[in-house]
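Labels for the chains are A, B, C and D, by order of writing; each one numbers its residues from 1.
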Amino acid sequence: MAANTFGTALRLTSFGESHGRAVGGILDGFPAGVKIDFEFLQSEMQRRRPGQSKLATSRNESDEVEFLSGIYEGTSTGSPIAFMVNNKDVKSSDYEHLKDTFRPSHADFTYQEKYGVRDHRGGGRSSARETLARVVGGALAKMMLRHYNIEITAYVSSIGTIDMSPKNAWPDKQDIEQSLVRCPDNAASEKMIELIEQTRESGDTLGGVVSCYITGIKPGLGEPVFDKLHADLGKAMLSINAVKGFDYGSGFRAARMKGSEHNDQFVKTGQHIATKTNYSGGIQGGISNGETIYFRVAFKPVATLMSDQQSVDQQGNETTIIGKGRHDVCVVPRAVPIVEAMAALVLADQLLRQRMNQL
Amino acid sequence: MAANTFGTALRLTSFGESHGRAVGGILDGFPAGVKIDFEFLQSEMQRRRPGQSKLATSRNESDEVEFLSGIYEGTSTGSPIAFMVNNKDVKSSDYEHLKDTFRPSHADFTYQEKYGVRDHRGGGRSSARETLARVVGGALAKMMLRHYNIEITAYVSSIGTIDMSPKNAWPDKQDIEQSLVRCPDNAASEKMIELIEQTRESGDTLGGVVSCYITGIKPGLGEPVFDKLHADLGKAMLSINAVKGFDYGSGFRAARMKGSEHNDQFVKTGQHIATKTNYSGGIQGGISNGETIYFRVAFKPVATLMSDQQSVDQQGNETTIIGKGRHDVCVVPRAVPIVEAMAALVLADQLLRQRMNQL
Amino acid sequence: MAANTFGTALRLTSFGESHGRAVGGILDGFPAGVKIDFEFLQSEMQRRRPGQSKLATSRNESDEVEFLSGIYEGTSTGSPIAFMVNNKDVKSSDYEHLKDTFRPSHADFTYQEKYGVRDHRGGGRSSARETLARVVGGALAKMMLRHYNIEITAYVSSIGTIDMSPKNAWPDKQDIEQSLVRCPDNAASEKMIELIEQTRESGDTLGGVVSCYITGIKPGLGEPVFDKLHADLGKAMLSINAVKGFDYGSGFRAARMKGSEHNDQFVKTGQHIATKTNYSGGIQGGISNGETIYFRVAFKPVATLMSDQQSVDQQGNETTIIGKGRHDVCVVPRAVPIVEAMAALVLADQLLRQRMNQL
Amino acid sequence: MAANTFGTALRLTSFGESHGRAVGGILDGFPAGVKIDFEFLQSEMQRRRPGQSKLATSRNESDEVEFLSGIYEGTSTGSPIAFMVNNKDVKSSDYEHLKDTFRPSHADFTYQEKYGVRDHRGGGRSSARETLARVVGGALAKMMLRHYNIEITAYVSSIGTIDMSPKNAWPDKQDIEQSLVRCPDNAASEKMIELIEQTRESGDTLGGVVSCYITGIKPGLGEPVFDKLHADLGKAMLSINAVKGFDYGSGFRAARMKGSEHNDQFVKTGQHIATKTNYSGGIQGGISNGETIYFRVAFKPVATLMSDQQSVDQQGNETTIIGKGRHDVCVVPRAVPIVEAMAALVLADQLLRQRMNQL
C-alpha cells in the first residue's frame, strides 16, 4: 500500500525513479479557471535545479516540464493535470559499483528489506529527483494562491554551524534569491559559501535549516483535530528527503518559556482582531488566526561523501565505498523552493477544504 | 471537510467536546483475533488522567471506557471498535464568563472564524479531553503491537529550563513511571517538581519536551515518499494539543553536523545488518532499518493562566480574563501516554500497510 | 482494512452488532450552522423500525437516538456528530442454536472465513440493524439538503411478482406513506399485502424493487470519471443488505433501445436549458443535468425462512435449521427510508465536493 | 475535488483528454515482484482498440503504452507505475462545429455547468479514450491475479433486442474472442452482426449487455458494510462510460423469487464447504464465498448518431447537429475488456485489503 499521493482535496500523486524513463505526477482536484503561468513554472524549476551555481553539482538537467492533460487554451479545466520531466542525463553506469552495496544513511538497505527488489541506480525512487514533481505541483498551487494574495517565502537560516543573525522583519524574496545560498543576511551568506568550499575540499558535506513564512492567510484554515494546519505542514516538510525536524512559531523554544511570556494577547487593529505578539506562529488550535505563519525545517548533511566509507553489501560482506561522482556538498539552498512548494500544496488543499465547513 | 480520522489502514475517528455528552471514537481496521486487555487499557487511562498527583489539576474524572462494539468474548472481531467515556464532571458554568471572550493562545477565536458558531464550554472540541480517544485507540494498538514485540516508551526530558542529564542507555519504564513528572532522572525530576510548585504560586505555567523511543521494529516499515515513517510520526505528534515541534534521530542537531560524523556505518551483527551509530533514529529514506526509533516532541506552556490577562470579546471590545478554575501548571507529564498512544497508532497502521508491498 | 466509512467530504462511519451494546456512528464533515430537527429524525427512525405494522416483525425496538457530540444549542457546530442507539431487546439465546451453523444465503460462512472469528448473535455486524446508522446519517443529510430544496422520495414499485402500474407522474410522499407497503398504487398495494400474508403462512419470504426519484438538483453535481453521481448512488444502494441490482434512468431497458429513441434532446425552457425526455435519469457523463434523477434498487427475498432448511456447521457436518424466531416476510417496505438515507448521504457529499471545482 | 483515483489499497489515477497530449495513469500500491507481461498488455490494448474489425470505427489508434516508472528489469518494484499513450490521430477540427453546442445525451452541457470551462474536442475528459488507462491498470492487475489463479471472463450477452441463448456452462474465452461481437453463441453473434450493419445504414446506434464471471476467488474477499465486494464491482462498472445498470448473481430477477427458491444450500464438497445453487453470485454479506462470481452490465446506445439531431448551443439558441465523423454503431463488444479490467482492479484491491483483517 505505497502512498505516493499527498493531500486531501488537492492531491499530488508523484512517480518516477532517478534513472528511469521520467519523473512526474498528476495534480488532481485543481480548480477550473486558473490561468497557467508557464514562465513562472519554469523559473521555479530553475530554482530547484542542480548546477545553478558553482556551489552545486555539475549535473546538467534541463528539466523541461511537459504537460499531458488538464490545461486547455492556457487555463486549468478541472481535469487532472498530468506532467512529466524526461530523465535525459542518465549515467546509470556511475552506480554499477553500488548495485549490491548499502550506502550509509541512504535508503538502499531499507528499500531492499521493504520490497525484496530495488532499482539501485541513483537511489531509484528515493532520489531527490522525485522532488521535481513537488516543485511542479507547488508552482501550480502558488498560481491558485495568488488569487487569495497568499505569499510563501522560504530562505536558508543556517548552514552547518553558521547562523543568520536575527532580524526584526521578514526578509524580502529579492534579498534571498540574490544570495548564492539563499540566505538574506549578507555576512552570513558569505561565511556559508566559504564553509561550503572548505567542506568540499575535505570531501565532506553539510546540513542546515530552512525557514519559511507565509502571509495573506485569512483566519479559519486548518482542521481542528488531526489535520491541524501545522500538522499538515509538518508532515509535508518531514516528507522531504533529508529532513530531520520541524517546528513552527516559537517551536522548540516554547518548551522553555512561561505561559505569561508565550501567550499572544488579542487586540483590535482597525476592523480586525489581531495578536500583539505571534509566538503562535499564526496558528491556534490547528487553525490559522490571520497572523504570519512561520516554521523551520532541519536538514541533515548530505549522505553521499567524496571520501571513502566502510559499509556492507547485500550478503553482509564488508566493502569500501569509494567517494566519487557528482554530488552536492550542501543541498539546503536547493531545498528552499521545495519547502515553498510543499507549503503551497498544504495551503491550497486547506483553502479548498475550508469551503465545506459552513452551510 | 473536517478531518477527525487518523490513519490509513488502521483508522481512529474521534468525537466529543469537553462539556458535551461524551467523548470517544471508532477504531476501524483493527484485525480480528486480538485479545483485549481491559486492565491494561484502564491503566493507560489512569496515566493520562488529571488529578493523578498533587501536581495536577484537581478535576475528578473517572474516565471509565465503555466499549460499544467490535469485541466478542474478549477478542476483537475485525468489526469497528466503538468506545465512549461519559463527561461526568461537567461544570459548564465555570465557562459562562468566557462565552464571548477569546482567551489568548487558545482556539476560541479561530473556531469562531472557521465555523461561525462554537461550543465555548471548556474549549469544546479543542479541549485536551479529546485525547482520551487517542489513549484508548493507542492502548488497543499497543495490544496488537505486543504480538510483534514492539515496545514504545516515552518520558519527560525537560520541563521549562530544567533538562534531564544525558544518559548512555534508554530509560526503563519503571524509572519513568515512579517519577511524579515522568522524568527518569531523579535529580532533574526533583528540580522539575520544585519548578512546577514555584510556577503554580506565581499563577504561571510551563512547557517541556517529551522524548520517546521504540524498540522491536523490523526493517521495512514506512512508505517511501509522502508517508515516510517519521513524517507520519511527526504529523501524529504535531496533532496533539500544545505541540510546537518534532524532530527524530539527530533532529535539529543534524543541521550542524558534517556528513562524515552523521553517517551511520552498516555492520554485520550476527545474522543481521545493523548500524554502528544511530543518528538516523532507526529510519532511513522514510523506512525503518531495525535500529531503535527515537524522537522528541516540544510542548508550549499551558495557555490558561491563574493570573489575569487582557483580551477582546467577539465584538472586539477589550476585556479582562480573570485567572480562576482548575488547571494544570504543566501538562507535559500527562502528555507522555498520549505521545505513546499516537506512536502506537502510527506503527500499527504501518505494520498493516507493510503486508501489501510484496506479491 | 475494514471499511466502515462511507463518503468523501461527508463521511459516515458506522459501528455496532445486532446483539452488542449499541449501534451508531459518527458523521464527520457535516457543515456548521444546520439546525437539527430532532422530530424529523425520530420520524425517519420510525419509518425504518420493525413492528410498525401488522406486516412486519414483532420485535419491539424503541430505537431512540442519543447524540453524543457535534450539536450545540440545537445547531451543528462543524465537529463530528456521534450518535448511538442502545440494543435493548436482546435475546441472544434465540441464536444459541445457530452458533456453529451457517445459515443459507446469510453472511455466517463468509464472516467465519474472513475473520476466523465471529459474533454469531443475530448476524452480528451483518445484521440489518446496522442500517440504523445510515438512517440517522441520512436524516442529518436531508436537513442539510433542505437548504438547497433537494427532495428525495423512494417507494416500493414491486413485491415478488406484483408490480405497480406505470404512472405519468412521480408519486407523492403522502400516497406512499399511507400504504402499508409504501406502494403509492392502491390496487397494487392491496395485492402486495395479500401476497405477503399468503407467503407468511407458507413460511416463505419475498423480495421486491424500491424506486427513488430526486428533485431540486442543480446541474453540476457528480465527479466525471470514477465518482460519477450514478456510480456513487449505485455503490450506496448495493451496500444495503439484500440488494442485488441497481439501474438509473432508462436502466437495463436502455440496452434494448436505439440511440435515436434514447437521446434526450436539449431545449430552452425559460431561462434554463432542459431536456425534452429524460432517459438519462438526470445524469449525463456522471454529472447532474438538472432534470429529475431516478433509479431502481432490487432486493432479494429475506434469507431467514420460517420453514426448516438443510445446511452444514463449521465442521462441515450436515444440520437442519429449524424455522423459528421473529422475522419479516418482506423487508422491502422498510428499505424505503434506507434507500432515501443513502441517496441523501451521496447528494450531500457531492454538494460539498462541488464547492471545490472552480476557482 | 475531482476524483480521478479508483481503489483503496491498489489505486489507479487516470488522466488525459481525447484530443490532449496523451492519456494515461499511475497505478500505486502494486506489489513488488510481479513479472510484467508486456505482450499480454499489448493484447489487452488490442482488444479495446477501435478499428479492430469492419464493425468498429475506422479511427487508427496505435495505442502503444509507454511505461515511465515502477518497473525495473521487467519486474514491478513496489513504486508507482506510471504509463501513457500518446494521442496521435488528433483531428480536433472534426469537433470545431461542436465548440458551442451541447450534443444530446453527451457530457457537454454538464461539464460546462460544472467547471464553467471545457475542452470540447472529442468530448475532452468524458471521452471513452479515458478507458485506455483502465485497460492498462486492469492488465497489470490481471498479472497479479494470475498468482492466485483468479480468472475474469466477460462477454456480450445481448445487443439491442438480440439475446444470447441461456447456456448450462460459462463460456470459454476462445469462443468469445472468435466472435466479432464477443458473443460466444454463434447464432446470436451472427444476428447481432446483422443488426449492427442494418443499424449503421439507418444512421442509428445500439446498446447491449456485457456479462462477466470470475473463478478462483477464495472465500473472504470484500468488506462487510460499505465496501461490499459487489458494491465495489457495481461502482467500478457504473463508472464506465454509457453504463446504465448493474446486477450480480440472481440480480433483478431475485426480486421476483421466493426465499425458499433463492437460498443457496451449503454442502460439503471434498474438503470445502460449497453451495448447491449459486443465486448469491459467489458473494454473501458482501464477502466472497468461493463460488463463481457473476454479474451483468447494461450499456445504453451510443449517443453520437450519423443522422441529424436538434439541440441548443451555450446561449440556448436552437441548432442542428449534423451526423458525421467516425463513430461506432455499438461499443458493447469493445466494452468487454474494460469490464474485465475494472473487475480485475477491484479484485486485486480487495485481495490486498484482505491481508489486513486478521492478526
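Keep in mind that, in the parts below, a contact is a pair of C-beta atoms (placed from the backbone, for glycine too) under 8 Å apart; a residue touches a chain by one contact, two chains touch by 3 or more.
Here the structure is a predicted model, which means the values were calculated and not measured.
For the pairs A-B and B-C, the count of C-beta pairs in contact is higher at A-B.
Comparing mean CA positions across the assembly, the chain most remote from subunit C is A.
Separating the CA-averaged centres of subunit A and subunit C is a span of 46 Å.
Note on chain placement: the centre of subunit B and the centre of subunit C lie 39 Å apart, centres being C-alpha means. Each chain gets a centre from the mean of its Cα atoms; for subunit A and subunit B, those two points are 26 Å apart. Shared contact sites, meaning residues of subunit D that touch two or more other chains, fall at 1-5, 9, 14, 29, 32-33, 78-79, 114-116, 125, 224, 352, 356-358.
Contact topology of the protein chains: fully connected, every pair of chains touching. Per the touch definition, subunit A reaches subunit B in the complex via residues 1-6, 8-9, 14, 102, 104-107, 109-111, 113-116, 125-126, 130, 158, 160-161, 199, 203-209, 218-220, 222-228, 230-232, 234-235, 238-239, 241, 244-252, 254-268, 273, 275, 279-281, 283-290, 298-305, 307, 309-312, 316-318, 353-354, 356-358.
By the touch rule above, subunit C contacts subunit A in their complex via residues 9, 29, 31-34, 78-79, 144, 147, 224, 352, 355-359. Residues 1-5, 9, 11, 13-17, 20-26, 28-30, 32-33, 66-70, 72, 75, 77-82, 84, 114-119, 124-125, 352 of subunit D are the ones touching subunit A in the complex.
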